[in-house]
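Following this line, the structures themselves.
Each of the next two complexes has subunit A plus one other chain: subunit B in the first, subunit C in the second.
Now for the complex of A and B:
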């Protein structure tokens, strides 16, 4: 252990103006001595503190971050800290999951009168950071060899954990990839075409988003049909993997007016989210639910189909089905992978995710297919200030993938399109699912179930859990 | 290019002792953007401020950083100084190297290093600061006063007499509050009713006062100068304008229940007027004790009423008003009976609290001022008064002193002795707290001239025995156990906060652990709350006597007048701002905004077609918390004063 390092740690403290900043003032007024590693940044409220700030602080390689605000109920703006509490609860779980040593990340409530508590909190945080033996903190590691052979901290390409997860996925697919009873695909396609033609002819919709056969066998491609004569292009079969709802928010599609859309049960959940977030009007879309018995890519069933429990779309205008086929495997390989990761050591988790993210080439395919990545300008494309480096560098990749995962918290409905399209196979499905599970556990909320329930990070309960807050 | 001036303060020895000021000033001058750096012994002093003003002009500074104490202390001072020199005040920031550095560290080298980093963080922040203009908001010059006790009455009258419209609401059927219950007031022994009722009548008559009784605050929205309030007026089933107050209805009403105004010492009917001098002098039909309104059970009151004032169909009415300021004067209550069990209160009729005894002493009270035992109507010859029942008793009651009990108990004993010349009065006390004009003299008079026996010590319990009440206690001065055979026991129960019933959260004001509303500053802003435009009067803030309540009410009224005297309210320009280009219109911001400051705005193309909806911030309403900015995933929302760019620079500067 390097004593030099231990004395030169730096901790960023993000504090609210009204309570903790004043609490730190009060510690000063009382001349309470505390560790000098803390650097305070003043915010109006903990509600103003974006997790992206914490990520940025870690990226600049401060050794620890403390976020401190008013006790619940004391917020100067009445509710800011309630939202912050939820946000940081999720963010902290995410950080724990990716293997950040939580001795580096702390949260506290310190009121304007609690000078002594402030001094104690600072001392506790700095002693925890100092107790981490690895010396200087390194946020994002370079995993893969650069051309010149430098900047390489880890030469092994894959971590043990990633091999285990790969094996886990393969074993599941092997075991459950049995032929499904896809008998009625042609009948369903016919029904779909008839319905589509009716809708278009009667001007109930101006366009229909569906699937058509592609030049490749065993592959379909999305299609927008505006002419009733073209409905025969529409197909429905086991290769219709895409979640078409991501098209609904595209300006070109929106211009078409009322849209019909073919959705599987899983995809229909994202429509709930899009309505909640004011991206589409329920009246502007005609939802054609269609019976889905699981979909295949490269003749392998998708992981999400193994755990699919509800085969009827949650929101629909029409439902095309033959007869309900009860297929409930209810085996969730992603959940198993989460358990595997959670049972690994911090170092294993940290290295696993570092390696995952280091492969990212920043093609943004994940963003393109995600129905919830509808922002006109993505945060990563904003450069004043540049919170996320746009280059495929270790730091940029790390921030990008974490921020994207956080931005999907409470919204991701688990269509897993992002990980499906990822050309370098980053396990985004695991990350998103982990947050969804956390949100379900903490806030009893599940995305894509009901339009009327407020998304979890836009609401709060006064008695939300806060065990993680000092 | 920024031209930043940095002023380092020694704060006498406070900073200079642990921070090497010379070295700090020298190192700061090397930071990019800094064109001037200097130090001074007290920058907040007049010469210090002059130095800032002169340097701004001389060096043509575009921003100023003062490295000194906490911005919570002197930010306003330095911003004002900069403004006087023609620099926008929001281009001045403070680096806190006193409270956050010199006072909490000892190693001079490390503290100097830390101070430098603190200053650098602020310098990097201010490079991106923008000049901001204060926001001007118009004012509705009408006040709402909540609570018609003496504090509310005083505040309403002060405002009305100054020429402003006031809406006064009261939860009970009549105004007057607790003061209307009192017999005589210490230390001068004025008759309470005699000094209060003229004010009550004046409130009712004053053209600028709108009195709404039997009503509660339902909802509040808006902000200082521009509140919108909804007042829920409960149905009294009597049309106020028609009722003549003749009382025929009460005579025929078959239902009798204990009168709350007399603390249960007398009876009232289901249709009643709480006391003869009630304002408004209008009867109220108590829905709960009436034999039945739906379906109608007796209708006798309606049949006898010649004025045709009874209306069984009345429904709760919502009255909406726009007001610029709100005064909260909801008063106090006494400790509930359950909490004084050891003295048998609520169990035996001859054990009563101070307010019950007040009613008994009052000439207009249930006994017309004759002191009688409620149990048998006999004149009590031995009366024991017990002070601090629940007060200063964290284990069973409240830790604080209720402040008025020493005085009113002395008054009770005196009035009792005046009414029952051969009676004996005993007072158990812990300490006598008589700090007020004429208070000590009054207590001395009660002790020496009225020959009331003060026993220093606590009564342990009261045991009813053979028609008497045995008060067991201890005299700690002579260290003797004392048993007194009393005919009547009066308990000075502690003052507790009125149950706010959600009023505090509706007004966004905070109550302390006991339920009393917190003032903005315990010494310097005692009548203001942390919510701009909401003020406090009377015992809603803490136990108070009449004099203090009235003084505070006038104080609150003058604060409202201060507000109303301005043409416009100036608000800090720390508000959120939307980037309409990149806003996707998810309206998560709208969901979480605690001020309701965000609206949907249409963006149209040249042909007038709606392209999209974006968020729009109402500057006048935005409180500047920044919660919206974080919920905005692509940071299309930003907060002036704490912009993304500023925060980014600070974070980068720390590393």
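Now for the complex of A and C:
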């Protein structure tokens, strides 16, 4: 492998107007010499710098990115850089996880007076970028003349890592996919119907969102019931996989007024998140928690159920259960997979995720089933400017999946609906879980636990970790 | 056009010949995380009688994303890329081998959309070079309902050549009934000779029908019960304002899975993209389920919720298209049911109004 052509690298520097831009200016007026690979882009504040900018920069073939702003406490808008610090901490670990060489991504605090520090930082960043022996950096590029514009470099090229992960999942499911122990579904269904009828008849709610059986024995489908006569459509069984809370933010459902909703323990966490984010009113929903001993799809227990330790909904108005003791396995295959990935080399990680994302068909099923993807216009649908290429190409897919994962950071409650519905089985569960773990480690926060704590990226602490910042 | 009985090993020999002669061959294949039509290099990679792949071969004729125009801006002038020239000689000869009848039939719907005026040259350049060899279905999925949309496990619609395995005849290995349906199929056999059973006399029409009837009856019970979705399409439009649509559509989440796995969905979007100094205009799959699909620049959306969007999907497939073309724009493959995040069942919905 040849070393990077030293004269040919480009580094994008996103700097805040008030400190680092002025710092760069001061380096200039002091006639300090520094590496000329840097291209400065000025922002009002590091708080304005969205990770999509960094991704976009890499897409346009820069070799490295530097983000620089005011020292903590010096922010012109008082706290912008505190928020930025948390955001970049998470983003950086995400990028490390998907196999970006962190020598390409740097953060620094440079004040208006620190011209010399600016010159040092730039020299350090460019020498790090130049020390990467991989030749010219190649982000996930799409363009490929021979193949109809498609770059199929990673398509269907399974890596060793993905084989290992596949085996890991299979072995877990094999080991724990014991015959389903719970036989009390009918009595729970009866209880559910009685409660639903009461609620509707007494006008406590205007509609109930639950599950009903379908043409297929092993599938249920969501149903919205407004007529008390129809409560017998409701069922509860081991095939009730959907997280119904995603409906709560739909305009059509909101219009119905007060809603009763059937939730499993895992789904109930998303209600906490939706209340935190002011998407729903606690008083407008009647939460019917229901005892769950795991759910099945294609006769396989879902991974999340293996690690479900508290099977009682965290928030509820009623809880339907009987006295049976459930089994709690508490084994987490996703965490094992994360360890596998973290113990692999940068290249293995990069190739693994490139192959995963190369399959994406941009159907957006992951987005539509997610309780937290309630934005009216998703960033991937924006085309003025076009932030994310909408073509199902390596470039667009890569940005799409990274940005979606990032937008869910600190919010995802791990219902794994996104990875369940993905038609090409991309490991979105691993990506989301990795960020959740990182957030837990850095900010001691877990999504979907308490309404009273602010989500981690909407708040900060002055003493948040900043070891990664130059 | 023509029919004869051929041994399996001779079909495979014939296919090997094609493989060796610069023809791309796609077959249903499992690629770990999903199954689709994948290119094979050698006959050993072929596995016959697979389940119907999770993705149809639509992608080969109508790629999910396709560059239809490329240009650069040089000295304040736009320069288009002349290499991007779509005509029947610009594409390689391609064979799709072993496709189930539902996928083959989808060709008729695709052709109607892309080959009627104004002709879509991007599709045509590929279609002219694609040969479809269908294989009677022996592995239906529970969601399938091809018999309800006027097709069957042995329907030859859309195929250039169609193969039906013969039951019994244990002594001399497996045999197939080979039907040549189109002139394209004829050409293929002329260029690459297929060794036919010598012992066989001319096979009669009745015998062919008998073979197919036998085959169909063997598998019919494995799929959803036969109903007639090809008739009475006006009942659907008469129920345009039915309350049922509300009940059906309110749980639709509005993703694009159903349209993207559907072999007959043809909607696309055009977007401009920029990369490495070059602009590309891409023709990308789109879906009527997306909120953006009918969103006007003014902000008005004539199909404001999933209720109208889902109704549109069903009515397009079973009413509008049928009125224009005389076939449903659904081949009963059941993929949309299988992949729907909320398990919405197109067969159940269509059955409400027959």
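Basically, the second predicted complex is superposed on the first by the 447 of 470 C-alpha atoms of A that agree within 3 Å, B and C clash if a C-alpha of one lies under 4 Å from a C-alpha of the other, contacts with A are read in each partner's own complex, and residues count from 1 in each chain.
Basically, contacts are C-beta pairs under 8 Å (C-beta built on N, C-alpha and C of every residue); 3 or more make two chains touch, one makes a residue touch a chain.
Only a predicted model underlies this, so the values are computations on that prediction, with no experimental measurement involved.
Asks: If we overlay the two complexes on their shared chain A, which of subunit B and subunit C does A:127 touch? Say first, second, both or neither.
Replies: Neither subunit B nor subunit C is touched by A:127.
Asks: Regarding the shared-chain residue A:24, is it in contact with subunit B (first), subunit C (second), both, or neither?
Replies: In the superposition, A:24 touches subunit B alone.
Asks: Between subunit B and subunit C, whom does A:43 touch in the aligned arrangement: first, second, both, or neither?
Replies: first
Asks: Is A:61 touching anything from subunit B or subunit C once the two structures are fitted on A? First, second, both or neither.
Replies: A:61 contacts both subunit B and subunit C.
Asks: Per the contact definition in the header, classify A:281: touching subunit B only (first), subunit C only (second), both, or neither.
Replies: neither
Asks: What is the contact status of A:450 with respect to subunit B (first) and subunit C (second): first, second, both, or neither?
Replies: The answer is neither, since A:450 touches no partner chain.
Asks: Touching A:383 in the superposition: subunit B (first), subunit C (second), both, neither?
Replies: second
Asks: Identify the partner contact of A:424: answer first if only subunit B is touched, second if only subunit C is, both if each is, neither if none is.
Replies: In the superposed model, A:424 contacts subunit C only, not subunit B.
Asks: Overlap of the subunit B and subunit C footprints on subunit A, residue-wise?
Replies: Residues 61, 386 of subunit A touch both subunit B and subunit C.
Asks: Going by the contact rule set out above, which residues of subunit A touch subunit B in the complex?
Replies: 10, 12, 17, 21-22, 24-29, 31-34, 36, 39-45, 47-50, 53, 56-57, 60-62, 73-74, 76-80, 83-84, 87, 119, 277-279, 374-379, 382, 384-387, 407, 454-455, 457-459
Asks: Using the touch definition from the top, list the residues of subunit B that touch subunit A in their complex.
Replies: Touching subunit A from subunit B are residues 70-73, 96, 98-101, 103-107, 110-111, 114, 117-118, 121, 505, 508, 510, 530, 574, 581-588, 591-592, 594-595, 613, 623-627, 629-631, 633-636, 639, 641-642, 644-645, 647-652, 654-655.
Asks: For subunit C, which residues are in contact with subunit A within the complex?
Replies: Residues of subunit C touching subunit A: 31-34, 38, 54, 63-67, 70, 83, 142-143, 224, 247, 250-251, 253-257, 260-261, 269, 271, 273, 275-276, 278, 280, 282, 284-285, 287, 290, 292, 305-307, 339, 341-345, 347-348.
Asks: Using the touch rule from the top, collect the residues of subunit A that touch subunit C in their complex.
Replies: 59, 61, 141-143, 145, 148-150, 156, 158, 166, 214-216, 219-224, 242, 246-247, 251-253, 359, 361-365, 367-369, 381, 383, 386, 389-393, 395, 417, 420-421, 423-426
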